[in-house]
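For reference, chains read A, B, C and D in written order, and residue numbers begin at 1 within each chain.
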């Protein structure tokens, strides 16, 4: 049949079109000897209730310059199953060659999708997703544990399951005690959960932020307007799946959400210091003019805290991505002292920004 | 099982998210008693080689304010068939409720996908896509004709099938003579074919422009930068599938591609006249100042043509979408005459813009 | 000299270029029988320390669809005075013909520019700016009062003058008691002052928001990213300078700042109700699906407040400009009740959003 | 007087605000051992008929990452002279400290502004602008020559002076023969003159492209949409005023206009080769797949030219800025040969693009 002659061309051209793309990665510095990897461990394709072919998730990640993603199809919720007949591992298998080609680390995972309690959980670093498809949710968790998965609680504040208050149920204590919960989504898409953040701090769980994307991602995220997907920053020894796992196990993450960074003070402090370059410091009789350059894609919102009242500077100050500023501090001649401020969008606890002191030269 | 309780909510919320969208329709005026409908008769979903679920095509159309679309899955090329088992009508069936909900006219169609000759053709206004799946392409066309389809030749200049020159093969004469070809894609995606345009004019075929979209549409079209998909403007008696068909049969279309409008002079002239509003005309001793407002999303690129040399005006002039201008024409006091120009991006023949004369008051 | 022949043309073309612009006005509904006028009563040109020619302020306003502006040059701070020798009224005089031409209401004003206390004040609706140039600031205020000016305190929280706390000095009491203060800038540019808001509520002063623009406005405001300048919404009987003055005198204003609206409850409630259209309400056994359309350029950030726990709906919900949504509320069959929420970005007091109840049908 | 205390602060804060900016320089590679400097030798401020303070031109240049600019105020056309009383050198003097501060090379210049013939000319690298203010234009040119200026003809196709045809008058021959014309603006703002390009090639004049900006630049150039001002690329031995002059004298320039590069073949060929990186070449039985990455901000529009018909590849192909592509070429196994194309937007003569051959490995 003549059509046979046609096919190779179509395939070639489809690949071609798919790669005529521009990469635009957020600039976030490495810290403390670790690489800062940009990861999204919660996405969907048509193989559960997502609306795109699995390879689209890889293409999107490549354009955004992500390092690692996971396709976490719902085990129990497959609205397209009338037309799509496949194993729970299929989505990973389809995306894998594309991920290899584009140097994206693809981590096999599944979403355990139950009514509350316990709600939804992602198990990633699986070997066999199908094995998790069990009637009893405890069996699913046990199987994930058996495969040595990294398991995190998804969107604990989701109003469809927690309509008024974000509750920790006895089932969550059971899951936690069984070693079935290693992290919690502090941010899922556009929803930030203060309760989840506090639980992570209290129980030494890993902070996770994900897109939970179902649509083509440009439908949800206004890239032209400078927005980015919610992601987990993983401070890893190298850019490999194994190193990501090691970092997750050791809670070396932060969550990048809108203009917020959410994480432990040690990491956020280093991110700030490695983002800001002091280009020039000039002292005259009126005080000090400090030229700072923000080499990152991050925004810093500074708010003055307690300070020597002879040292006069901004009450609020915003440092936009990749911008250069001359910040003036009035101070008596030769007087030293500290410029103290809080970075209000770098959250180290619910509602608390990172505190910082800059010593006048 | 507990999960049963969960499902209705998930469904409700998914619908919810899908509709939290903004519509942004190109403003193109109605003309000559017809409605100017914005249509795209060539799109793909995962049911052939596209990368999105069929409902995504409806969502995209709604956001762009389109009136009608067709999902034209390849009959002979189905690279996802290992996972997706479905009839050729399935994509239409899935998208139909969504189209009804959003008031998009969804026209059932298929793409006959053959090596060149004859290449690819879309048959739209079908009743039964499966019936077109035949070994012999002539049987496919005959079946489409039997179903009273409107059939057009896709991307005749596609370099994968016509590597050097855009050829009209004897098979195309046969198809044309059999009444199996009613239009040709003058523009497919970003590719404009001058040969196709000339053939449409010579053979009285309908001018068609389509996106042929496979990706999520935002991947190919930079909406934030003001771009739009290639589409067919259909000048229809009303906003119904039947009226679209009547207009197609009577060749009342134009193609909207980048900043170009391609079509017969009568339609392009009316589009121009109904887009531009003359807000004010002031005559003084130096000449005339004409305040014009472009009420449309179209751009007009004017180039002076032959004229009375005492009437002095622009050599080139661009009227951007939704802009207001004061255009000055120097002329001796009380002298009348014509301001003659060509609208170089309103093509009435290959390489020829619409000519226009404005008479000085 | 030959050059004489050239000039008329240059002038004509300059005008021409200036008007080839696109208008893009924020859509904010009229309320309570008043027109909602968009006004900016604090801008600068090269005639004080601004960086553009006065007509540029008119062009900018026209593009943004503003109704009224004021050029409020500093009386006491004129850093360009070595090169620009002019009366304090000159900037108004230069801009006036351009404002007439573009139908912008231009209100004559000046900025009284003093060290703190009392700081900076704008006097608008002046007849003679030069008359305010006095050594003693009390004389400047008295003259403004004599001319029946509307006077407001500018940026009371400006850190250059109030480095740590926003103080109300005895001088402000004196000014207030003398009838020399009719309003306060609650927002100046990007700085929102909670203290100023509270003072306006307590002392029955008019809420004012301004850009205080010095640069070309596109340098400060990212219009492509959807931003707008800070402005005062004036609820006026008609679109005239006199009607604006009457509304200012009667405190019928609100401040539009980023995604915030700041004002008295009566106005904010009406703005919300006139922005949101309920397109459809469907009740089924699970509850109610309400299709809402936001016809405005405003964003609404809803947060659930106390409610009947059988009525289950969003905890947080964002309605973006010009978007359509289906909001689902689960409720027992036939059960009525209220959907209660706060619009957290519609501030009716410092830190307090507008409360709203929607009664289930 | 108390106000004295206020001034230093205002000055400090104004500087501060002006520098809180983001730089966004077009990435265009160095070539042939030269630095590719981005220059604009034709701009205006309020000191002639521009609409911004001179320092704004420096701020704009800094944001766009330009290397050098010239403020070329009209000598004979000063519509703001009622308010602004200054020497013709004043605009340079005001901008100079700001240019030093931001490391922009500021070149002193003036625009000789006469009726046609001879029209408008820019003289740059002047020492004393005032000395050019003469009644007779020949005296102005002679003075510029005496100061060893680089002189170029501005917008020879400007319709206000050349309403129908771009004429070379006897006066231009006189100017050329006197050594008073060293270059011509091939592009002024949005106007490209094919005649000017041809004259430069024929008479060995330097190709110049300028913005001729009068407005705040964001009013004319849509930076958010990816546009840039028209500029002259100068291939200089180093980043100094002297090196720019040496390059201009030796005609080492190209004009960057919209998506066009206009210049001599040797420079355009090097720009292309230094922009495109070949990341990977894979040969299989069907042919060759070449992965190319465009490391520049330039667009390349390729059009196939004459070629061996056994080597089958694109007819038209567009390489967007900073994008990566896999370009497939079908060829018989082991067959070598050339992929020939024209880069249609790299103009080496009016209407002629750069021809290029890529040899299959």
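As a working rule, a contact is a pair of C-beta atoms (placed from the backbone, for glycine too) under 8 Å apart; a residue touches a chain by one contact, two chains touch by 3 or more.
Computed from a predicted model, the values in this text were never measured in an experiment.
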Spelling it out: a chain qualifies if it touches chain C and also touches chain D; which chains qualify?
A, B
Pair of chains joined by more contacts [C-beta pairs], A-B or A-D
A-B
Interchain centroid distance [CA atoms averaged], chain A/chain C, Å:
37
Counting in whole Å, what is the centre-to-centre distance of chain A and chain B, each centre being its mean C-alpha position?
40
Two-or-more-chain contact residues of chain D, please, as numbers and ranges.
9, 13, 21, 224-225
Contact set on chain D toward chain A in their complex
8-9, 12-13, 15-16, 19-23, 224, 286, 289, 291, 320-328, 330
In the complex, go through chain B and note every residue touching chain D.
157, 159, 163-164, 190-191, 225-226, 304, 309, 312-316, 318
Which residues of chain A touch chain B in the complex?
1-3, 5-7, 9-14, 17-18, 21, 46-47, 49-53, 55-56, 59, 76-77, 79-80, 83-86, 90, 94, 113-115, 135, 137, 160-161, 214-219, 222, 224-225
